[in-house]
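Both complexes below contain chain A, partnered by chain B and then by chain C.
Now for the complex of A and B:
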């Protein structure tokens, strides 16, 4: 049975009618995970428990009492969310072998609705990075590296050598989750987004990546990078599915004091036909240095699409955009330095063998447990937090943050409903090229289009738009008003329908499991 | 030699009396088995978040009001970073920028020259009260080169009360802390028992000549009782004076009080000054408190704290209680101090006065001289007294009705202490202590004595 369709529209019905069972779904996904192991998208595969969950779901469907749309749906979770009984590593030596005693709230919510937890996905260590290349379990490979679309456009080399050398990154830091969704090994995945870590890999892997408004979804159990910017992210194959996931996760959590108190009502997305009342803002500062001409053209084409359909499209200005990277780095490293202070080897996680003194044990544990990226950020952060530097850096950055947030307030106040911007500067880079620059440089470059939304706490979504000349996905980003996810996703859904982004044609996968995947009719955007 | 002016300020940490900890639901309990009261948050498991305990906020507001502070309607939480085995997260959550209460005062009384009859009232300014987490406990086992860490106490709510350097000696510091202790116990915001670590006092001490700026101060820690507080402060003042008079200098250091030797010693060095890298706590929004005026109409009352509501329900503070005792019973002010100073003694006194015809002014003597001294001799609390208020009242009634003499009464009391269950009347009969009222009988006895004399 073809299950490429949306959760609400097709999968749920298929399960209810018994055309497919949760166990079958789970087994298919587990088999696919095995056959796509070279992608390195998963750190831990929870085979036994997921099959058990699938069986329990099946019982419920047999009784005609499924818990909801997510009952029996295989889901993957980024390995920085706590999962009780299943290893949570954050792709770090510091937490290798760490088995948390509790579930993150979002994980618990998924399980309570019958979702099947397939496993934990790979990431940059402690979510620091924009390539998913800097974790201790190795880099994640973008499934599109193995797609017919990419291979057709690649410079021909000898078959196997070409593949090995030219595979492209997923982007990061939620690369494993994006790859997992993109390669059909799960129906949806949780990521996290602090500066773009859900939207960036979503763009590179051709999937939908939603960053919700800060305070809408609980962070309890998400191992923090920057507490004041982190949000759980949602990765799916279509916008409707993102709305389903959002509906099951959003809402006040007493365990997270930064979640809003207001009631949240899950929603179904309307099929927008008339966009004439819509006002789309195009922030000129997002024409950033390094933006590829390809993406610039795509962005422009998208703006025209809205205009031709009757929407109001206006150029707007977010004047403080150019300060956001520097501001982000000060605030991010400061919070990182603070959040990482708990990793001392005493209560949990890696502990060094050094026993001469507590201090030496701490120092060795942290040197052994953290990679260079993490340690670099801790050192920077501590520098900014020193008494003599605090005003100059941290407080200053907070003030700049306020200005950046105000830029958005002004623009939305002027009547703009949604902003349209690129998500990334270019399509995914080959791994060998990406690692030529260090993590900090890469992050500084790649975060520029995404992290202002985190500074302002706004919702934002990547919608896969078209394939680049190299046959790789390119996405565009919509940024919405605070807590106006319904409007944001409605617009995103309309756009998704217009562009008809092509389905990935994974040839290895096709060979093993030809029944599952259909070819998509072309009608592609580019 | 020019005179020295000693300057003493205090930092007092009072453990909040609550069922659960400041930011997590684990229990607060003294002397529980090690690491049995530790939640995931207390152990700093990654991904856990703080959730503010309402009761702790109320305790701090009550305390702030009782100490005449302004309650900040908006206060903030911060992280104070340092590495130590008993601080699992590597930082303590405290209130460094804007604490919950500021600018208060505490009045306390002292006896001049040790005479109870001459009491003088002093005031110390309260700089601020802040909410913060307690740390765990670490026990250093040097023989096995290891440190044992117990996190039961980690995360328990504390109120840090900062008293300005308005005090000048050990006696003042002790009296101020004693009064604070009584206030906290009256409010119920802290049980404030120093022996159980519920009240910890650090003293800041310096000396200077009149007209000159304040001297370098030292911080004295490890003070385990109010008595030791007075000793530690006085010793440190003396030490500093001697040091300076011998041409030395005072280091801005932390010293520990050694109760056995009765002196202060430098603590293990902390390698220069610590930079705590304060940072706002991003997981806790600003703490907003309301009063009757600012309370929005449609606010869920479970979610908010109303300062005025708490103010209306404050119990009588010790100073008020003392005034009332003096007014109601006609006792002396210094008597009221002693009554309140002893847990349960005021209640005992009032209970006795209710049950006896003897005037309170006379009862008080029996309470303060006889009862109290006996209890002190045997290290008993009022609750543990073998002589109940009922029994004492009974005895005093016999005295009041002139059925026994005052001397006899003391004898009966001595017997009552044995706690054998006899009533005063029974003891009087047993020991034949009745006062003879019968005229004729008295005449006979006198006559017999006179006759006896004449025969010699």
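Now for the complex of A and C:
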């Protein structure tokens, strides 16, 4: 039971006192990964290396010399981070079989602190998408699909049919990481966030999803999507844990020149009791078309919560919000067109068998290696970058980006400390419903509330708030000032304490697998 | 307006990625329509923003060699190599022009 508590307050203590050993933790997580395989959260499970790391950690604890809070803690990493000796695929045929020769800086930092790398999690191909449904290894299933809370609210169909047809998506693109944390198979996971890819699945899976300020955490080794917006994301089960992870990852990296050089001091979050000095901004444009009445009500309730506790709650305006997604569309496809040019089959990844010419080999390799979503974005990006379109689209988008960033500057200058908004338009959709619309449409709809924070480079966090009428998680988002993660997380932690989001109750799952019953054990540690 | 076949062909050559079918072309059309909304915004006098960190000085380190000598590791992931070379098919042979190609666009 102690293992469901926070890293700093409970798990670390349990490890130090020997109540549980790193190898036990690792074995339990590996077993749980096996029994929740149907979620498809993991692409690669690094069983041997993780057990070895756990053993080494155990030795350190025996000597009384753990490296820190993260020593021996099982974590998962999204499969678009390079991990030495472990396959990194980005859920694409282009990188199937690619074994990185190096660790991304964030991965190296975690390993240097003794964390145990359990495996690589599933995502949308090259992190393009908002459902974690478009990768070559198949879609990720939201663990809440198998929760008692969701099942109680579902319209009963025949048992097995119901489960098979009714499962809901995790959101994306870091769906595998969110599902892994949500189903207790790891204590924290790394995701990436370019348009909301960490916060969106965090909201749908009922976990904390932190997008740090652009420039705070190194992107070295994170296979890039949009260099000017990408950040590594942190997924955990509570805000305190996110602060722990942030503390071990933030800071200047000489290998990433877009990381700021300011000294970063890891911090512990205070237990805020007095919010009377806080000013919470409610941006009215975030009442976006398509926002479910449920979430609107929850958002309102949250604002009242702050108000009743003495905080100053003001309505503010971010006038260019509705152009954020259009702006993103142009800038993202343009940067993608550039970033995907590296995949030509020569140095790594898939290579076609064509030999007539370099160009034909490149073209065939890319045709074979990328899915429609990726290819579509590359083509759109190239269109916007054509000489005749450059000013009209790309530069125009860059100007609109400045307007969007300025909106936030104005609001924060007016005295607002933190913004409170919804994270998603609704709770998680059933997979069968989600795939009715194409990826681009979905992304345009789903990223609307999360995207602007990436435009402006601001830190933002999803905090699980309550269950919807369908029994699925709904989260709310806090957006903070640049590099003010401590303030942002302090407010988030206060809010988390007020809402007391319920724990997922994973049920036994009976599955028909070629006629053989497979009983999956319930996922609670006790 | 619809994107001309010449531009589509040009894009395929630039991107070294093909549209594959009419759905691909449709997708581009929709993407352009979507992006056209940008023109509703008045950006007179606004400078383009390259980076949110534009107010800061880019980090420059000393011009010293700190790592390298990893030829072996780097070659491991390549499929075709000879000694320490990556091997490519002959270059400078442009892809066939539209009317010589088999691709879908030929039918437009």
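In this text, the second predicted complex is superposed on the first by the 506 of 526 C-alpha atoms of A that agree within 3 Å, B and C clash if a C-alpha of one lies under 4 Å from a C-alpha of the other, contacts with A are read in each partner's own complex, and residues count from 1 in each chain.
The criterion applied here is as follows: contacts are C-beta pairs under 8 Å (C-beta built on N, C-alpha and C of every residue); 3 or more make two chains touch, one makes a residue touch a chain.
Note that the coordinates shown come from a computational prediction; the quantities given were computed from them, not determined experimentally.
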| Touching partner for A:354 - first (chain B), second (chain C), both, neither | second
| task | Answer with first, second, both or neither: which of chain B and chain C does A:346 touch in the superposed model? | result | both
| task | Pick one for A:329: touches chain B only (first), chain C only (second), both, or neither. | result | second
| Hey, is it chain B or chain C that touches more of chain A? | C
| message | In the overlaid three-chain picture, which partner chain does A:390 touch, first (chain B) or second (chain C), both, or neither? | response | first
| request: Kindly classify A:372 by the partners it touches after superposition: chain B alone (first), chain C alone (second), both, or neither? | output: second
| Taking the superposition as given, does A:82 touch the first partner, chain B, the second, chain C, both, or neither? | first
| said: Just checking: does A:338 make contact with chain B only, chain C only, both, or neither of them? Give me first, second, both or neither. | reply: first
| query | Regarding the shared-chain residue A:219, is it in contact with chain B (first), chain C (second), both, or neither? | reply | first
| message | Just to be sure I read the superposition right, which of the two partners does A:228 touch: chain B = first, chain C = second, or both, or neither? | response | both
| message | Output the chain A positions appearing in both contact lists, the one against chain B and the one against chain C. | response | 101, 228, 254, 257-258, 261, 337, 344, 346-348, 355, 358-359, 362, 382, 386
| note | Contacts from chain B onto chain A in the complex sit at residues 40, 43-52, 79, 81, 83-85, 88-91, 145, 147, 149, 275, 277-279, 282-285, 303
| chain C residues touching chain A - in the complex, by the definition given at the top | 3, 7, 10-12, 14-20, 23-24, 27-28, 30-32, 34-35, 37-41, 43, 46-53, 56, 58-61, 70, 73-74, 76-80, 86, 88-95
| note | Within their complex, chain A touches chain C through residues 98-99, 101, 214-215, 228, 252, 254, 257-261, 320, 323, 326-327, 329-330, 333, 337, 344-349, 351, 354-363, 366-367, 370, 372, 375-376, 378-380, 382-384, 386, 392-393, 395-403, 405, 438, 440, 444, 456-457, 482
| said: Quick check: in the complex, which residue numbers of chain A touch chain B? | reply: 81-82, 88, 90, 95, 100-102, 104, 219-224, 226-228, 254-258, 261, 334-335, 337-338, 340-344, 346-348, 355, 358-359, 362, 382, 385-387, 390, 394
